[in-house]
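The next part holds the structures, each set out as structure tokens.
Here chain A shows up in two complexes: once beside chain B, once beside chain C.
Our next item is the complex of A and B:
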């Protein structure tokens, strides 16, 4: 099992996932050694027909009458074969002192978005994208039943430069036994801002950006996508639900019907304007529903789930590492302008 | 002039350096467009003889009798031709509200470490490395004379994957009109930890790691290098001065004589064991000497300058972006072991 360690100075936790690499030459990102070899041989464990090559599925949407771990699925969720964290009993509180650690208890699952190796998420028809987004909700609810999984992080790495080790379309879910630093910072800050203005900070941003329109990329009946004022990266985007809620779990079926085209449209825009870039998306939501109100009493009013979408076009270098500052050569107003004007036609 | 913008929720500042890119195809990291073209033609503005192709030098160590902006230098400092920030009068305080910004006033300089295009920093003889390290001190002192440059960040990006846009050996200095978030966090946390134990947190780490030796990579009379307990990246290292001081400026000439071999030794170890990886180093020090005691009253006792050295072997992906968590496949104890055992012999 891996180990969680805390950097006492910064409050940042890291995961030492050492079983993934035994030799000094093996320090590349997890999975890459074994799985690249597989993929080089033209073998993909996520393709239909290869169900036995993954750990047994924990959830799937599949044709009626087909059985678990056989073909017939449309979206399939399996535990990660090389997990950063593994399910287990609630870990003891970390020791005190300079060197704090705890066992790497958590969840690490892969959402295989389609049986078709060649179809990226963006290429799937809307009802299929809706199913993928629904599966996220299903898994979050399932994982949050166990209280010691304090935060569920849903994310996608598309392309090698964005951290993907397998090219078959997939996203990932990691649940951690503590609330990560970035989330805590957002929660505390949102709470402070709410106390000051008695209004959700995110709702204010959505309203202002919706009126101003300069950085608005897309809007439909339930969602909007904006290029944030202080974008760290060129063409960074944030997707917000218009209805205030801290929980992805609260999405209704009507909202899913709006979320799929919102996501597909902006991903298509990025694909056509930036020549199919690698990207990450991450869902920021409240910690485990069953815990969060104790620690953040105003969380229901002050926090607002959202999805960050960041194409990988530049590299984080020494200045960013050292300071937490980012240098962005593309003003978000310009990025939003390009994305608004250009529709899905391929520019090549 | 570029613009500084604050993300109100996270407290993070970013720099919109839009003059660096005009078209959507130009969103690659700054400098790369123009300068890659130059370098592709075999032209390097940092090489001896091409002094007229950079902005006029602001400092150099050179042969007696040679003049400014002509050959004869060993280390040369010039303003960045495509600066992220530019010198100017003290900027007004940022406006309040949801969208905070201020003019991009600051300093952005390049330290050309050697006239020899082919010799990386690690390959230079010790007296030359000492001169480069001394030049950092000279520039910090010079820049800090103007009080509105609140923080001076010295860093090096070596290799394209670490963010370097020119291959000629160089490091960079960026001074910002605010204290960056990461530095503030370290300062506040160090102060809190000092208050609790009445001892510098960094001095405690140095003592513990020096006794335990598991993560100790190198030690000489004035410096030690350790693989930190909660390393974010494989083979991440931190170099600490044994003598407590928050200021790089306080380095004595005796200490420079120890710093050069400490840095050269660990860079050589990384080079030989990890096949000459791209890397970043960054110096973390107190904010502008002339300001910091007001804001951080115990800073002289609680903060301790250091240098982070991070080879670029893995990629930051969605999970790291989303949570601030890092997954590290190499335990620092194993990394330190490899680095201790292996000396400079090339493994190829």
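Our next item is the complex of A and C:
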């Protein structure tokens, strides 16, 4: 019989459809799909040498002696050339009423993770992955200096099915003048749970999953990766820092040294077991702490930043859209088991 | 002998013939020499034979779309300014559009398009 599970934080119910339980091989793409993913259009605006096709860079890590917007970079950040939200003066608060609106002020930047078009983030050496992760922190701090950006979201769409329009490895940073609904829900819920138990809900999850180990996929000195109890999607994972902290910008250099192998290991495992699936990762952190403490007084103690990693293996359809229920054909315990056992050797 | 100033040449790739006529007429009034193509393959054939100072392309067209056309043009010449002129905002999320220099959403007024043309042709 299937099982209904509740995600305590979101209040969302999930159906773990164990009678339809699927193995990793069931999600392996056909060869034609693999070839389609590898399709190379010939020209790429993110490749080294095409710097003139992007807006001027706002940050880069590059070879000493090389100039801005020229080759020689390892990681390069540029504003979106045709952004949906544009940097600007603080927007006025929206009027109350039925038709609320405000100017589309915000930040949209692209982090080009490597000059090499053919290498994915997972293929980069650990020091390079560490640099990419450090760049996220640098940009978040820079954007949050402008206090009207309440929330900064870092995310990666890898593969067409995950929303990427270019295969050149990149991630994106979007800052909004309002705290998005999903984040607000998480914050209110975390605060409510904290008020009840005087304990961070996420710290408790980390502790219990660490002891139980059934859904634990990976752990090192500063991070762990688990398949959440009420996973919405097959092989959905969450990466947590072991040290309580609401915001990504608190990461120390030691923690960066652990974050890079944690991320690389789980991405390699997913790549190996599911034949290089499309995926999204999203960093969930508190809103700009300079602004959010009034609204969420215990945010420093109740919220815990984390990274959601979701391979795109199934499609969200009418039932999910209509009810908010998700049907997951792979129990997270099974997903964690497959991933733990996998030694992430490339399977061809 | 007095030198005559050469007219700047614009290639417009647009599948709607009535729009082609409108653009041709309006841009000719501004002093540009305009050539039109109704699909990407025709545009590529024209580009092999003739040099242009600017290309304006629609995205949603039968056959190759405008984004495919832009990537092909990049293989021929990277230095021709390209303006995307589409009815849809949504293609902005496709980073291949960055190969173009501007993205102008179609509207009843051609003011924005004309001002972008001036911006890039001056360069």
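By definition in this document, the second predicted complex is superposed on the first by the 306 of 348 C-alpha atoms of A that agree within 3 Å, B and C clash if a C-alpha of one lies under 4 Å from a C-alpha of the other, contacts with A are read in each partner's own complex, and residues count from 1 in each chain.
In this text, contacts are C-beta pairs under 8 Å (C-beta built on N, C-alpha and C of every residue); 3 or more make two chains touch, one makes a residue touch a chain.
Remember, it's a predicted structure, so these values are computed and weren't measured experimentally.
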Touching partner for A:1 - first (chain B), second (chain C), both, neither: neither
Touched partner set for A:43, first chain B, second chain C, both or neither: second
Touching partner for A:61 - first (chain B), second (chain C), both, neither: neither
Touched partner set for A:84, first chain B, second chain C, both or neither: both
If touched residues of chain A are counted for chain B and for chain C, the larger one: B
Which of chain B and chain C A:190 touches, first, second, both or neither: first
Partner chain in contact with A:291 - chain B first, chain C second, else both or neither: neither
Contacts of A:13 with chain B and chain C, given as first, second, both or neither: first
First (chain B), second (chain C), both or neither touched by A:268: neither
Footprint overlap on chain A, where chain B in one structure and chain C in the other make contact: 84
Chain A partner contacts - residues on chain B that touch it in the complex: 5-18, 20-21, 24, 26-30, 84, 98-99, 151, 153, 155-157, 160-164, 172, 174, 176, 180-183, 185-186, 189-190, 193, 201, 204-205, 208, 228-232, 234-235, 273-274, 280-284, 308, 310, 313-319, 321-332, 334, 338
Partner chain A, residues of chain C touching it in the complex: 68, 70-72, 74-75, 78, 92-99, 103
Chain A residues touching chain C - in the complex, by the definition given at the top: 41-43, 45-46, 50, 53-54, 81-84, 110, 165-166, 170
